């Protein structure tokens, strides 16, 4: 079991009528339970929560009035320790489940349709399996320079492949793209991750479908993937933006605190204790997804 | 009521073990019923049919052995006459249903994230509503040259916007992109359409979400949109390829026959009669979607 | 006659053996004379000056040693008042001089080869002549948002055309591209310009070949074009970078002072007086180009 | 000594007033002499010949009237046997001559400004020198698939790097781009080359500036570079199009005959003999460039 406490505060200046779509809440999956969480929007407003059917991503949407807007989210999350067998095999295309097939298709930032030859050239000779996806992740780590400011929000994987620089989402996009080009379904995962080196921030990694399951890879090697507190899962970054703003809104501040409580031994589901430990948790979650 | 008979024959040369994903069957929707249809794959093979949950697209997938491959699909389809009110209003972003929201996001061939300013500049001053989407379609018709060979399968909407030439899918992609950039959800629709001028072929148009419903637009003006026998609906062309080939397969021939039976007065559901009229229909469809 | 005094100080941190190619000296043309100028490089080093044959651009190149590097350039420049007749006609392609022809060709940041249709569509119906080029500049002014940070050093004109935002060099690149696409030779001009609103900086405008001569246009409208103290002229920004750095060098500071002395009546060539006025001018220029 | 006979016939349909700029005549350089040549344009027309100062490229330009246009060029060319020492060294940037410097800059189809990291990564560890440029050419040969139809006239080197397919000009563009990104000046050379396997066609190779001289490389390995009958030299393909058409002109036919006369022992300059052998040579060239 892993336990994490995350807290983020996002502040915006709203210049006019605006609508906000948030995707910052920890996902509820078979491997991740939200023990307690709290979302506070100031000024208080009516908001609607919904869970996207396909992805399981949890969204909150609301209208924001002109002025300042402050969003604070805190969660205490418990994650299963995932043991990934070292010998997972790639699934031949004809046995990829119907609902997974579309993770083979190119998407906005992952133009796998133009990278088949490059992917085959670099990785086509390797034994199919989890080792090959690891080789993709290793190659990205070794070939792409992690450089904040080297890419923008519309940078695509093929641009990263040419320019050989980017940030975590670019690394993940390239991993996804190369996998898809090898006929391995792949998708983006974003979440909170505790980095040994500050500052803490949202993080993006990728997930490949091998051996009949989704397996996480982080080509940045900035943190072990089992530290990922999953928030969003999607085809690429456009599906999992933590905040989509409609209207004249600009961010003024973003802070994040992440604690990894690896040695925690408290049993799962003892919400009161957890809540006490986490502070004023107002919205305990009773059932695990 | 509109009645159409469509028939297409696709021939391929298969050079090795391959897997084929077809999306050529007429969709079954509240506005379109398949009276009868027949899909023949030669050489005969086991195939699996499934319907994609989100889109309703009907897929067939199968393994193809080396040699020649022939796919023949015939259908007799009935479509409701759709009356589109002339005064449909755009839905403000904050009232777009949750499940429609993702049709606002950029996709592989529709980079709406880089075209906001262009869309606002060209159409921002127009009264929101169906007339504005029609203006987008009209502008595309007037500004983009329809020129076979001017684009490739990976051409994106922003490239079409720059180069001002393309084919039907490029026209539709640009329409989708401009709508999304205006905060109007939009998506691609492909299908069979009877053109006054041969040759018959698959066609692509776009659909915008206005007044709480999806409305079709064809910026090519090659045929009235109510002739569209819908096959696939998706974010863009990557979601609705009529045939996705995994392995060494190349198309050798494609033929298509489409008949529009506009004056037909036979009641819907009289399958035997329809079947008789359509020829050897082997797979009558009893229930309408 | 216009008189300008320009001074710029560029500071760099040099991390290892490096080579520097400067293009910051005022050009010497039939319309622009350098009354006096001074270039100081600290630490002092041997440098080579040369004038590029085709463009007339003045370059200085030198090796820079690790440590800090400071480049100071001051000049007192006199420019003829250029009267542009309002009725200059476009020159048909078959009468464009041989040596001007290559300004019709696409270049790194000016992909006129993909914008013919767009250019024809927007400006093809206008009467050929200087008015049409002015219409190009006006359209850019009205259509592109001037927004620092919206583009990078590798942004091209077609990207600016799509994204509708940029800075002065992007505006100029788009002007060049649209002109070339209309078969009007065009090129980039960079220089010092006194802006009414600070901060002062290098500026980029474009020049079109009309009526048998080069005529300046500034689609940003940030300053009258006759304030341009010309430094470099080229196919696009890659030809006229004010500083090209080979090696581990990063800029630490850039300051610029520009004075426009419009009412000055002193005769040209009275170097001592000018020198006195400009301060310690160490390198008077005796001959006008 | 190498002797070549080349003949090309280009046919066009001219739909309206047009202007034609040809660059199909064999270059006259210190290593290549044109023994005899003939250019016939039908219908006959006044044409102007000029030699571009920077590149030495020979251009012919003329107005074409509506109707059919036939251009026939024949030449008998003698080339020195070029011995390239196997140990040529790269020239450090600070010793690259002024007039060669601009072959380091990015150009329309060679975006070396976005490929520095990729070039360093692939070739930065190799010993500088002719061997490194050969490694670039070898890598291109091994990594890029030669596939007619895989690229278009506006395809750039970075696109070829991503898509890993192209034709000779794409191979050459990528070679140029990688060299420039390594601070090795490089440029495009087009010409006639006798291929062992037909059809004969124009060919494109690249030239890198090493050891103080230009050295040819052909990453396609379609023919030894000393078979190149040089026609044009430029920054990239935009500088050396064999035919630039202004107006409604379309090519209807292109044929080419190239003979490599390797064992020829006739002395250079015996024009009558050559002329007799070549047929009706109307324009003997007396002096070698």
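As written, the chain order gives the labels A, B, C and D, with residue 1 at the start of each chain.
As a convention for this text, a residue touches a chain if its C-beta (ideal position, glycine included) is under 8 Å from a C-beta of that chain, and two chains touch if they have at least 3 such contacts.
Not measured: the values here are computed from a predicted model.
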Each chain counted as touching chain A and chain B at once: none
Which listed pair, B-C, A-D or C-D, duplicates the contacts of A-B in over half of its pairs: C-D
Intercentroid distance (Cα basis), chain C paired with chain B, Å: 50
Rounded Å distance between chain A and chain C, as computed from the means of their C-alpha atoms: 45
Computed distance of Cα centres, chain D from chain C, in Å: 32
Overlap residues in chain D, where contacts from two or more other chains coincide: 114
Touch-based graph of the chains, sorted into line, ring, star, complete or other: ring
All chain pairs that touch each other: A-B, A-D, B-C, C-D
Parts of chain B lying in touch with chain A, wherever the complex brings them together: 19, 21, 48, 50, 52-54, 59, 61, 63, 92-94, 98-99, 101-102, 105-108, 111, 113-114, 153-154, 183, 238-239, 246
Contact footprint of chain B on chain C as seen in their complex: 114-115, 117-118, 121, 143, 145, 158, 161-165
